[in-house]
Structure formats: C-alpha cells, structure tokens
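Submitted below is the structure of interest, expressed as structure tokens.
Going in written order, the chains are labelled A, B and C, and every chain counts its residues from 1.
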Amino acid sequence: MTPLLETRGVWQRFGGLIANSDVSISVGRGEIVGLIGPNGAGKSTLFNLIAGVLPPTQGSIWFDGEDVTRLPAAERCQRGVGRTFQVVKSFETMSVIDNVIVGALVRNTVMRVARRKAYEVLEFCGLAARANVLASDLVPSEKRRLEVARALATEPKLLLLDEVLTGLTPVEAKTGVELVRKVRDTGVTVLMVEHVMEIVMPLVDRAIVLDLGKVLVEGKPTEVVRDPKVISAYLGDRHAVGA
Amino acid sequence: MTAETIIQSLASGLLMGLLYGLIAVGLALIFGLMDVVNFAHGEFLMIAMYATFFLFAFFAIDPLLAAPLVAAALFVFGAVVYLLIVRFAVRAKANAGMVQIFSTFGLAIVMRGLAQFFFTPDYRSVTHSWLGGKTISLGGIFLPEPQLVGAAVSIAAFGGLYFFINRTDFGRALEATREDAGAVALVGIDKNRVFALGWGLGAALVGLAGAIMSIFFYIYPDVGASFALIAYVTVALGGFGSVFGAFAGGIIVGLVEATTAMILPPSLKSVGIYAVYLLVVFVRPRGLFGSI
Amino acid sequence: MDTDFAKRRRRDLIVAACLAVIAALVPLFVKDVYVQNIMVLTLMYAALSQSWNILSGYCGQISLGHALYFGLGAYTTTLLFTKFGVLPWFGMLGGGLISALIAMALGYPCFRLRGHYFVIATIVIAEIALLLIQNWDWAGAALGIDIPVRGDSWLKFQFTRSKLPYFYFALGLACVAWFVTWWLEDSKWGFWWRAVKDNPDAAESLGVVVFNSKMGAAAVSAFLTAVGGSFYAQFVSYIDPESVMGFQFSLLMALPAVVGGIGTLWGPMLGAVILIPLTELTRSFIGGSGRGVDLIVYGTLIVLISLARPQGLIGLFSPKRKEAVR
C-alpha cells in the first residue's frame, strides 16, 4: 500500500538560504509521526510545504497516491490534509462553534449538518462548554484545542500539528497528548512538529529528525534519542536529550 | 507636437512632481511611524492654504514669508489631532482597520464642513505675491517661478528631513519607534510623545506645501480632496511608509501627469496617474520601493 | 445549543417582518412630501449600506469605490431607457448584472492587494470611471442626462403625482438587501466571508478558497448596489456623473454601516435610520444660515462613534453580546 504522505527530494530555497535540501520522508496510514529537530532545522518550512502554503523550489509532494505539489492549501484541505498553526490563528470575531463550522463546511454545505458536525468535534475536543464564547475570549490552551478542533472538522486523513504541545503546563500537555492519541484512534494519521523532544517521544510511533534542512535520522523514538548524531545536533540546546 | 513643447511639459511636470512629493511626504512619514493612513491629509493641506490666504489678506504677508509660520501652525495642529483623535483610534480592539480609516475620514468631513461654514464655499486666491505669475526662461523653456521655488523648497525639505532622521536625537528616536515601538518604551522613550511629534512634523511638511501652492491654486473647502488622492497614490507608489519613496513617487506622478496631459484631453490628465498606480500595485502589490 | 441559534435567527426574521409592516403603514399617517422624501432616501441608503456591508463588513474588503456600481446601475438603466426605450425594470437587472461582472473583473487583480493598497485602488478605479463618463459625449458627458417624463406608470417606473410608489419600492429594496444578508449570514458563503475577514491564512487551510469568497461577495454587493443606483436615477429623473458616481456616494454607503455596526445584520439599517434623517434635517433647518453644518454634525458623529464604539451602535441593543465582546 502506498504511504499516505510522501515528499520526494524536496528543496526549498529563500534567496541564498536553503531551508530544506533533498528531503524525502513518508508517513504511513494510521501512524503518529514526530518531526523534530533543533531551531532552524527547517521543520516549519517542510510543514508549510506539506500544507501547501507555498510550493517547493524543487521536488514533489504526494498525498494519498496523488501528486499535490502544485495544489494550493485549500485544495489540499479538500483532499484531506488538515493543519494547525504554531501561532494560533483563530477567527477572533467569531464564536468557537462558528470557527469550527468553517472547517466542517468543506464536507457538508448544508448548514444544519455542518453545525451538528461542529458540535460533535467540539465535544470530542472537550470544548463543547465553550461553544458560544467568542474565540478571542479563550485562554491560550483552549485556543490550541480550537485549532485542532477546526482542523478535525474538515475530516482530514492527515492531521498536521504544528507545536500544539509546546508552551503548555504539564497538565495541559497531558490532556493534549491524550487528545492526539484519541484522534489517531479514529483513524486519522498524525504528523506533528515539535521542538521539545521529551513531550513527543512517548507519543509517536516514529520520529524524523531534521537538522540544517536535511533528514538526519529517522526511526523508532527509543532508537532516535540514543543516536549520537541526534545528540550532537541537540548539544548545547537546553532541551538536550535526557536532560 | 515639437520637441520643445514636450520638454516644456516634462519640465513643468517635474516641478509639479517635486511639489507632490512634498505634499505626500507627511503622509508617508506618519504611515511609516505607526501604520496609520491619515485620510484627512488633504484637509490639512486645505487649512494650510487658507491660513496662508488669511495671512496675506489681513496682514499682507507674502506666502513665502508665511510658509514657516503656516508650517509651525500645522505642526501644532498635527500634534493636537494625534493627541485628541488618533491616539485613541489606534487603541481600538474591534475593527481596528475600520476605526483608523473612519476616524480620520470623519475628521476630514468635519474640517470641510467647518471651512464651508466659516470661510464659505467661495473660491479665493492670493491675488498678488512676489512670485505670482512670474516665469524664468532657461534655454528657451519657460518655468513659472512659484513652481520653481516650490520644487526648491521640496528638495530642501527632503534634504532637511534626511539630516533630521539620521543626525538628530529625535530623528533617531523616530526611526527607533517605527522599528519597534515596544522596545523603545523600555529605554525610556515616550511613545506618545514621539508619535505626536511625528504627526506634527508630517503636518508641518504639508503646511509648507500648502503655503506655496496657495500662490498658484484657487483655495476652497474641497481643494484638499483631489490633492489627497494624488498624495495617496504617490505614497503607495513609493511603498507606504518610505519617506524617500514619496520623493521618487512624487516625481513619477508629476511626469506621468504631464505626459497624460499631452496625449489625452486635459480633463483626463489624472487618469494617467491613477492608471499608473493600478499598474504598479498589480505588478508589485507593495509599491515600487516597498519591501515585500 | 442548536435551538438557541435557530431561535435567534427566527427572532431576527420576525422582527424584520414587523418593522417592514410598520414602515409600510407609516405613509398612511405621514402625508408630508418632504418627510416622505427623507424616508425614501433613508430606505435607499439602508439598502445600499447593507449591500456595501456584504463585501466590506462581512468579507472585510473595505471598498471606498462603491459609487462606481451605484453609477453603473444609474447609467445603464437611464441609457437603455433614453437611447433604446428599454424599460427600467430590465435596465435595473442589466445594470446589476453588468456591475456584478465588472466587480469580478476588477476583483481579479485587486483582491491580491492588502490593506490600504486595496482601499486606495477602489477609490482610484471609481475615480477613473467618473472621469471617463464625464468625457463620454454619447452618455451626456459632464452635463448628464434628463430622463423624459412619460406619465405615471409602474411599467415605466415613473411617478409624478405621488412619491409613495418610490417609497414602497425603496422599502422593498431594503427588505431584499436585509433578507439576502440574513440568508447568506447562515450559509457557507457567510461563514467563508467572516473567516476570510478574520484570518485569510487560516481560512485557506480549512478549505476556504479565499479568492472565490471575495469574488462572490463583490458580485452580490455590486449587484445590489447597482439596483440601488437604478432606483435612484428613476427617483430623481436626472443624472450626471458627479451626482451618481462621485466619491461622496462611496462614503455615504459606508457610513451607515460604520455607525450602526460593521459586519452585522442590523447595523446598516440602524445607521441609515440615524444618519440620513439627521443629515437631511440639519441641512434644511440650519443649512440656510451657513453651509457645512450638516458635514460638521455628520463628521463629528463618525469620529465619536469610531472612537467610542468601534462595533457600532447596534451593540447597545444586545448587552449580553457586549459582555462577550469585551
């Protein structure tokens, strides 16, 4: 069976700066994959290329057996790629439920169906009690969950999570981890970018480490954390492995 | 059409363009400082022209002498507008863009109404002045003296502004504030003071332009509107907020206007300017000299 | 949950129906032609501002060039009628369709622009159109066109003896503009527009085609605005470029929404009911002794409301909502 997502020899240059060089990764159906690496490793760039924010300078991106390299973000969403933003981008003047309805409308244009779907997703994400509050009134951890809820409402096959667990208190992070597991259990594949290793390692099935724009190592989390290349890449970083 | 008339038109276009640059630079300065477009900019110009007119009518002060006085008065006016209106407009949480546009638009409407009420809608003009109606011949090309002096003032003003921004403490504070208003607060610069002075300075520059323009334009309550649109185009061409982009933008606008007037009927001369604006932003959505 | 929302929408509809019926009864008691005239203008601006609100309020693309569509509607109807004898009803439809098409053609390059670049582009485009019509001899150039009076008839949409038919048409127009907004508000389009206004990047990631959303909003908004322009041409039976395409119309369409509440269902209606009578009354009562007072009152109101109540006056009517906003 073909992998759900595949990048083939992807390059991204910004002027003279090379953000991604020859990155080929693949994500299988039903996996939770962590995309990690020190600051400036090119994680966010790769993430944006997969989400369709911009096309790569070179190389191709395949989703569900189809070449989506040139497709804009909205069309990738229609094909089943959902994403969150590292810096949350809620629709601030809309209520929480309305935020989620925007996502649900991709699959159901009948308002009543979309609304019901949105409530289901809010309940799934533990935000149902806040449904009628304005998005601007949510606390930061709730906004993160709203990001996830909105993306889930689009019924993605692949959910891209951009540092959803970073900066949360330990308790919030724990519920966040549970939520990601629950999402996977519904059959959604998850690719998550995280900077801090210890949060994601227990959660992911497989980890891909980027460094200086290239894939450094990939494999089981337990192997990856012991890899000397990974340790040296993170060396000097305050989130060093085993710290 | 002879080569001479073409050169003649382009030369007048250039002079007018330098003046457009001077009208627009205050707008660019304020935008660069705090991301606010002053939609009452044309009305600032209008009151500067009236101020010059009344100094002439009541005290027989020539517009050239009045210019510094008018600039000083506009400086105060600009700072007051910031302190009374804009300071609050930029705090808006809801509909921030809308509030900013319509608070200054509302001000423009009030100013126009006040001008109609107190000065009547009649057209006024400075009937005689040192420069009015005089021309200089340079190698067969006739240049009107008021425009020539206006262009000189514009160049001098841009030079002064360059010196001011790069060499003086306040200029540096202005530059620092436009880069990072949050950080300057930490080093003890009062943001509101800098903004108020920025608005004052922007208004003073348009005051200078107004004083000179009153020599050769009719003065009436709506006079600002047409120049304001040209000023927005100038600033946008230069890339919003770029003070020296406004200088280049002004020259382009002046030359385009002169060229259009040679090709199309005079009543359509502004079409050229507007068309160039659209062409430029369609190709470069942030203006000619704007950073992407 | 679900029912709360349905209840609110049903309540909006009932309130609107009641207000429409009350408005329809007013002329039975108010016979004064001057007052009726103000009522016609109020309803017309309510409809226009509601149309403007679709593009600028809901979708967040602030247009200060809607006079273009207003003028297009007025000119299309008038030219078709005076030059080809086409009935104004068809002119209205034709003007609306032409405006919608032009709005989309202009939107194609303009919707790439952001912020002030977009706003200035809208002003500049309307201004170009104004200058072109002023120089177009066949269309009457700067002098404009007189619409010949052919007697009272609904067919020709001309009424000389009474202003009432105009009043009822304007009322109908305001109702249609309101109802279209009400209907779109709870549709895919309405949600897309608000999402685009709040955060285009996030909207795009949720499958919203931002560009198409803006195009849709522009088309609906331009169509309704042009119908308003067609009506106005018939109402005043004389048009010239400055009086139907001048910049002041772009402002007059925007301001009721700004005063009442941008991006809200009731804001433009409330704003028009406050602003238009206020301007007309100041103009006629104080206007004689010194021109410009109407502008002073108007402008001061705009400044105060923008600063003190950026969500518009409509917030005063729903205290619960206000708390949520804060």
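Quick notes on this structure:
Just so it is clear, a residue touches a chain if its C-beta (ideal position, glycine included) is under 8 Å from a C-beta of that chain, and two chains touch if they have at least 3 such contacts.
Here the structure is a predicted model, which means the values were calculated and not measured.
Of the two interfaces, B-C and A-C, the higher number of touching C-beta pairs belongs to B-C. Of all chains, A has its CA centroid at the greatest distance from the CA centroid of chain B. If each chain is reduced to the centroid of its CA atoms, chain A and chain B end up 49 Å from each other. Centroids of chain B and chain C (each the mean of its C-alpha atoms) stand 32 Å apart. Measuring from the averaged C-alpha position of chain A to that of chain C gives a distance of 43 Å.
Shared interface positions of chain A, defined as residues touching 2 or more other chains, are 93. Shared contact sites, meaning residues of chain B that touch two or more other chains, fall at 94.
Shared interface positions of chain C, defined as residues touching 2 or more other chains, are 263, 325.
Note for the complex: chain C touches chain B at residues 62, 109, 112-117, 119-121, 123-125, 127-128, 131-132, 134-135, 247, 251, 254-255, 258, 262-263, 290-304, 306-307, 310-311, 325. Contact residues on chain B toward chain C in their complex (touch as defined above): 31, 37, 85, 88-89, 92-99, 101-103, 105-117, 120-121, 221, 225, 229, 232-233, 236, 240, 265, 267-268, 270-271, 274-275, 277-278, 281-282, 285-287.
Touching chain A in their complex are the following residues of chain C: 1-2, 4-5, 186-188, 191-192, 194-195, 197-199, 201-210, 263, 324-325. Chain A contributes residues 51, 53, 72-74, 77-78, 82-83, 85, 89-94, 98, 101-103, 105-106, 109, 111-112, 115-116, 119, 131-134, 137, 150-151, 153-154 to its touches with chain C in the complex.
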